[in-house]
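Shared chain: subunit A. Partners: subunit B in the first complex, subunit C in the second.
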Partner chain A sequence: MSDRKEITLTVNGNQVKGKEGDTVLQLCRANNIYVPTLCFMEGLSNVGACRLCVVEIDGERRINPSCTYPARDGLVVRTHTPNLEKYRRLILELMFTERNHFCFFCAASGDCELQAQAYRYQMDHARYPYTFPALPTDTLNDFMVIDHNRCILCGRCVRVCGEVVGNHTLDFSRRGWRTLIAADLNQPLGESSCISCGACLQACPTGAIFSKVSAYRGRTSEGKVIHSICSLCGIGCEIDVLVKDNNIVRIDGANLAGLKGQLCLMGRFQQVYNENQRIITPLIRNKKGDLEPASWEDAMKLITGKIKDYKAYYGASSIAGFASSLCPSETLEAFVKFMRNTIGTSFIDTFDGSGYRAVIQGISTFSKNGKGLEIESPLESIMDADCVMVVGSNPLETHPVAGSYILRAKTQKKVNVIVVDSRPNTFGFRSDIYLRPDNGSEAALLGALEGLVAKKTKSTEKSMRFISLGRAVEKTGLDKDAIQKAAAMLSRAKNPVIVYGDGVLSANNPKLIARLLDLAKLANHDGLKVISLKPRGNSRGAWELGLANQDGMAKIKPKMAYVLFSDDTFETGDWVDQVGQAEFLVAQASYRSQLTDCADVVLPSPIWAERKGKYVSLDGKVGHSQKVLEPSSGIKDDVEIITKLAKGI
Partner chain B sequence: MGKVKLATSWLDACAGCEMSLLDVDEFVIDLAQAVEFTRSPITDIKEFPEVDVGLITGAIGMNEQEEEAKELRAKCKILIVLGDCACFGGICAMRNAFPKEAVLRRAYIECESVKDGKIPSSPEIPVLLEKALPVNAVVKVDCFVPGCPPRAKDIKYALSELLQGRIPVLPSDMMRFD
Partner chain C sequence: MPDTSTEPPVSNAKIVNTPEEQEDNRRRTRKVLKKFNRKRENLVPVLQQVQDELGYLPREAMLEVAEYLKVPEVDVYGVVTFYNQFRLKPPGKHSIRVCLGTACHMKGGYILLDAWKRRLGVDRGETTADREYDLDTVACVGCCAMAPVNVIDKKAEGRVSPTRVDGILLAFKMEKEKKAKEKPD
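Here is the complex of A and B:
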């Protein structure tokens, strides 16, 4: 874009420079000339809906919206004449009288762009008759309310839903002044295809779409905004957290229309508020079998004593440690040191460790040159792909932002999407080809696809052993045509990306992952484009620290287990049974859960907002999350607890 | 110079604006020296005399309020309105989403605290208008001070400007709609 021709315009009597292809508004903004806007949003297409950005341009008969007017060399533009200001105030008065914009009971008051413009133009009354329309309010979504009474039809929600989220749930219904924002075919939002990512809510300039978890809890001006990263799923979205009186009011995407900025329902809403019962003091199981509050001293003494006992009687390998990869790298590093060096056991794992071992084995089967996770591609490569194959994953459920990347590529660049999953997968309905092989037959399907792709692209390696189409049909129960169509689609593509997720990671099948890699290599002309959607915010960080590379982990039966659970919610995997069978169980956790209910000692642990630290995203990028809340006095930092325990042994 | 004569009228409103007017602290002394309160909730005078400044709080929701606004407009030189209800319709306009009959039914018959209620229909009581309206929908208004309620400093600013012979418009940084 840098080779665009430079142009010079006259704005308000001054010479300003810009690039050909800029709009007049873009050029004004780049030169710090303020032009009021409502429907404009950085990163979205320009539609000229609100008409607030009107400017006078020499040679034009009328005033024109600057957001849709292409800048040309030599244009003479005026942005603030009495005539323009008169029209801007008139537009505001029309907006206020068209619907029911009454600020005193609005959740957005104080953070509302319409209100701010009305203040700016000293709009203390409206000269037009109010229409007082009786418009509906849609409250059926779990997290969001659409109040059509406060809508100015700027269309930012519609554009962000289509252009950024790629979901195209929202659109306009009806015509003229009867126009309403509608979800799908005029369904309530809660019953529509909406994925509750809240991008529309953040884009809304007024209180027309507002959050049930944040409404009336505080305005931006009353709190402090802390920039951090979301540590939930490994995408590493950048977030702005609004904190007031040590409470999280709201979480916004730091860069809504850019990459990793739209957030999802987990990052935006579920982290703000949950009803789990917090653990705020150490708990020890008493003789009656109930957990009882205890002092830090007693709890630590009991744990160190038990560790020494088990080590002395059964050896260090009778103790196993499990950690949540929601914890930052610093905590996990301390945990690894504590288990390996202080206690001396090699039995440590993360809750998602079996997935890692399958991936690593798969990679070593695929290429014997000792490579690891670094062969995977960055998440953004989805945006440059010409075909995306999703295997064993519904990204819209586990990693919604990654799902959006795929949907954006599909709707904006007409990229073909193939979904392969033996489980029912609603993402399949968004794809061009949805293959549902019988359970456990994914590897056979991939083997057949390899053969078909290799035949078309004529690139093959001796080590690869394909599966015949007939055999694949027999094993997978799929239609021959469907498999051939998918193969043709993959062969036509020059730069396909394969994305796989929880279905593959939990299958415990390294061969399946090796097949995936083979197929990716055969199909892609430039090399290998594979992305695995790792389940937790710091899964990759934990795996790179060696927390999950102990072979035979599934077979061990520890006598004592130490679980660094923190604010995780993981309730599946081999480790659950292993921990359940342990004689003595220590849980370091933030909330009461099934795990803490069977623990012998529970230590409180900070939640994501109360700690800071390093996170490695699923594609290997390092980010740092910030501490946004002060924990209550009974809660100590995880590293501090582990270090103290280590000193006691 | 004689005192400026002021008459106030409290229409469809909650008294929040009047409270805010009393909340101007020691400015009330300056005000009392410069202004003669004629009809107001403080003086309990019932009739509007001819005045310099008329002040209205509240929207216009009934025919009696409509007449009162028109009468005050006719008897004052400058009309100032206080609060969101008077400027925009405000809280009172929330009923505008429903037909008048539904509003009356809800208030007099369906309301949880009512037993065997009926909608009053005596010719002696005012009649509810179809919609609650801002004051400038009925009479010409010279000066608006929005806010729910307007803050004391906004009222002080507006009245000081008026006393000095200027028609005030609240500056952007003082404007509040809530």
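Here is the complex of A and C:
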């Protein structure tokens, strides 16, 4: 960027420097000259729809929108002449009279850019008659409402949906003053291809798109905005949480147009409001078999006593610990120390530990030189790829932001997408090639692809033994042409990336992962590019701490189990059976769940918003989440509880 | 007041294609699509030819077009609603066009439009559920001396009064009954 020529302009009589290729608006913003805008948004294309950013430029016959006017050396620009201000006010009046902009009923009042501009121009009335059109309101989406009556047709939602999310659900329909935003073939948003990520909602300058969970709960000025990271999946999106009266009002992406700020429905909406019943005091199972509230001292005494008993009677290895990788690294570290050093057991695991063992075994089968997770690529490499192969995953369900990276690459750069999944996968319908091999035959398919790709690219790399096309067709039940087409697509690509997810991680098949890595190596000359979508926010952090290292973990049968469940949701996996077999079960959890219902002692645990800590994203980047809410008095920090327990033993 | 409602073309008279009709529409759309390659710039010609084939652009046809050209569905819908030449509702057996040009407007063309809306129970741009009539407006047909003008099945009717609407409908009805008598099924 630095090789762009420097140019000098005169703005409002002052000399202003900028770079060639900037627009006049960009240059004004960079030099702290305020020009009002509505349809402009950082990171999106400029369309010049609202005409609020108009400026006078010497030599131009008319006034021009600065957001689309390229800056040139020697331009003389005026941004705030009386004529311009008159014009802007007129535009605002027309906007206000065109549809229904009565702020006192609006969810966005106080956070509305249109309202702010009206205040700025002291618009206490409009000189034109109001048209009061009776436009429909779409409320069928679970989290969002589109009220066309509040829409100013700036097109920010349309651009963010197409350019940032890559989904392209929204666009304009009809024309002129009848223009309306439409989703797909004019369906309600809830029945369209919308992924409910809420990017349009955050982009909307008015109250035309608003959130059902945040509406009327408070304005930005009434609360405090805390910058943190989302700890749900391993992408590590940056979030701005609006907190008012110790309640989360709204969660926004910190940088909507950037890579890690667009959020998904889980991060944006589902975290604002949780219907599950919170656990606020320790609970102990009484003689009748019911859980009843108890004091911290009693609960701690019971747990330490039981640990000592089981250790003395059956030995330390009769106790097993399971931790959720939604917890930050500090908590997990304390947990590992407690289990390993204080109790002396080596049976510790995360809920997604079987996936880790498959990955590590797969990598060691593949490379044999002791490399680990570091051979995986950063998430951003999807954006530079020219072909993306998704194996055993629907990223739009498990990691929607990663899914939208792929969609963005597909819609903007025409990147080819191949989906391989034996399960029904809706992401397949958005791809170029959707291969659905029979269950358990993915490895055969990959082996055949390897053979075809190696033949096409004339690769001399050492690799695993290929599988013949005929055999793969027989095993997978797929069409021969489809496999060949996918192989051709892969070998045509110069920089293909393979993304795999829960389907592969839960298959417990290290050979499949080794095959994947092998295929990635053959297909990409610059070195393999593979990304695994790990299921939890701190999965990688937990794995790096050695929480899931044990081979044969699946075979152990603990007598006593300590589960650091935190605010995780109940999952399936080997660990569920193991916990079910334990005689004595301690659960440290935030919400009532199936697990706490069968536990003998339950300790309350803070939720994500009530703790701070380190999170390692799925591609190994370290982020820090902040404490957003104050927990209620009965809830203690996980680290504090574990250290106290350790002291008791 | 002239009719300036911004209501989207959503009708109470819902015309729902049966699964067989839908399948037929899809098949005929695919037949048209075969003549084109999968380029985005073919969108308008494709839609024109599909409309020539089907008479209008049903939902299933737009879905086929979007998938074939690999454009988002909403882009197809946006283009279809942008241009007046595309219809979203099937044409009726008889077309009724109410002129709202300057002269017809002054002579009460919008009163006629209201009369048609009431009689047929549909809004402008829509078709009655029995697919007998479709109602729309035009802006001047070039015979302003006859204002207000209605164009009924390509025939211009001049100096139409609201009661004439009933007469026209009655004529169509009688014609239909006569035909039914001549050719009893």
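We take it that the second predicted complex is superposed on the first by the 644 of 649 C-alpha atoms of A that agree within 3 Å, B and C clash if a C-alpha of one lies under 4 Å from a C-alpha of the other, contacts with A are read in each partner's own complex, and residues count from 1 in each chain.
Everything that follows uses one rule, which is that contacts are C-beta pairs under 8 Å (C-beta built on N, C-alpha and C of every residue); 3 or more make two chains touch, one makes a residue touch a chain.
Keep in mind that what you see is a predicted model, and the values were worked out from it rather than measured.
J.: Fit or clash for subunit B plus subunit C once both are placed on subunit A?
T.: Here the two partners, once superposed via subunit A, fit next to each other without clashing.
J.: Looking at the overlay, what does A:169 touch: subunit B (first), subunit C (second), both, or neither?
T.: second
J.: Could you give the angle made at the Cα centre of subunit A by the lines to the Cα centres of subunit B and subunit C, to the nearest 10°?
T.: Spelled out: centre of subunit A as vertex, angle of 60 degrees.
J.: Applying the touch criterion given at the start, work out whether A:100 contacts subunit B, subunit C, both or neither, answering first, second, both or neither.
T.: The answer is first: A:100 touches subunit B but not subunit C.
J.: Just to be sure I read the superposition right, which of the two partners does A:178 touch: subunit B = first, subunit C = second, or both, or neither?
T.: second
J.: Looking at the overlay, does A:312 come into contact with subunit B only (first), subunit C only (second), both, or neither?
T.: The answer is neither, since A:312 touches no partner chain.
J.: Tell me the contact category for A:136 with respect to subunit B and subunit C: first, second, both or neither.
T.: Once the two structures are laid over each other on A, A:136 reaches subunit C alone.
J.: Taking the superposition on A as described, I'd like to know which of subunit B and subunit C A:193 touches: first, second, both or neither.
T.: So A:193 only meets subunit C here.
J.: What is the minimum C-alpha distance, in Å, between subunit B and subunit C after the two complexes are superposed on chain A?
T.: Superposed model gives a least subunit B-subunit C C-alpha distance of 11 Å.
J.: Could you pull out which residues of subunit A sit against subunit B in one structure and against subunit C in the other?
T.: 133-135
J.: In their complex, what parts of subunit A are in touch with subunit B?
T.: 96, 100, 102-106, 109-110, 115, 118-122, 124-127, 129-130, 132-135
J.: Mind pulling up the subunit A residues that touch subunit C in the complex?
T.: Interface residues on subunit A, with respect to subunit C: 131, 133-136, 162, 168-175, 177-178, 180, 182-186, 193, 411.
J.: Can you check the complex and tell me which residues of subunit B touch subunit A?
T.: 84, 87-91, 93-94, 96-98, 131, 133-134, 136-137, 141, 144-146, 148, 169-173, 175-178
J.: Which of the residues in subunit C come into contact with subunit A in the complex?
T.: Touching subunit A: residues 4-8, 10, 59, 62-63, 72-78, 81-82 of subunit C.
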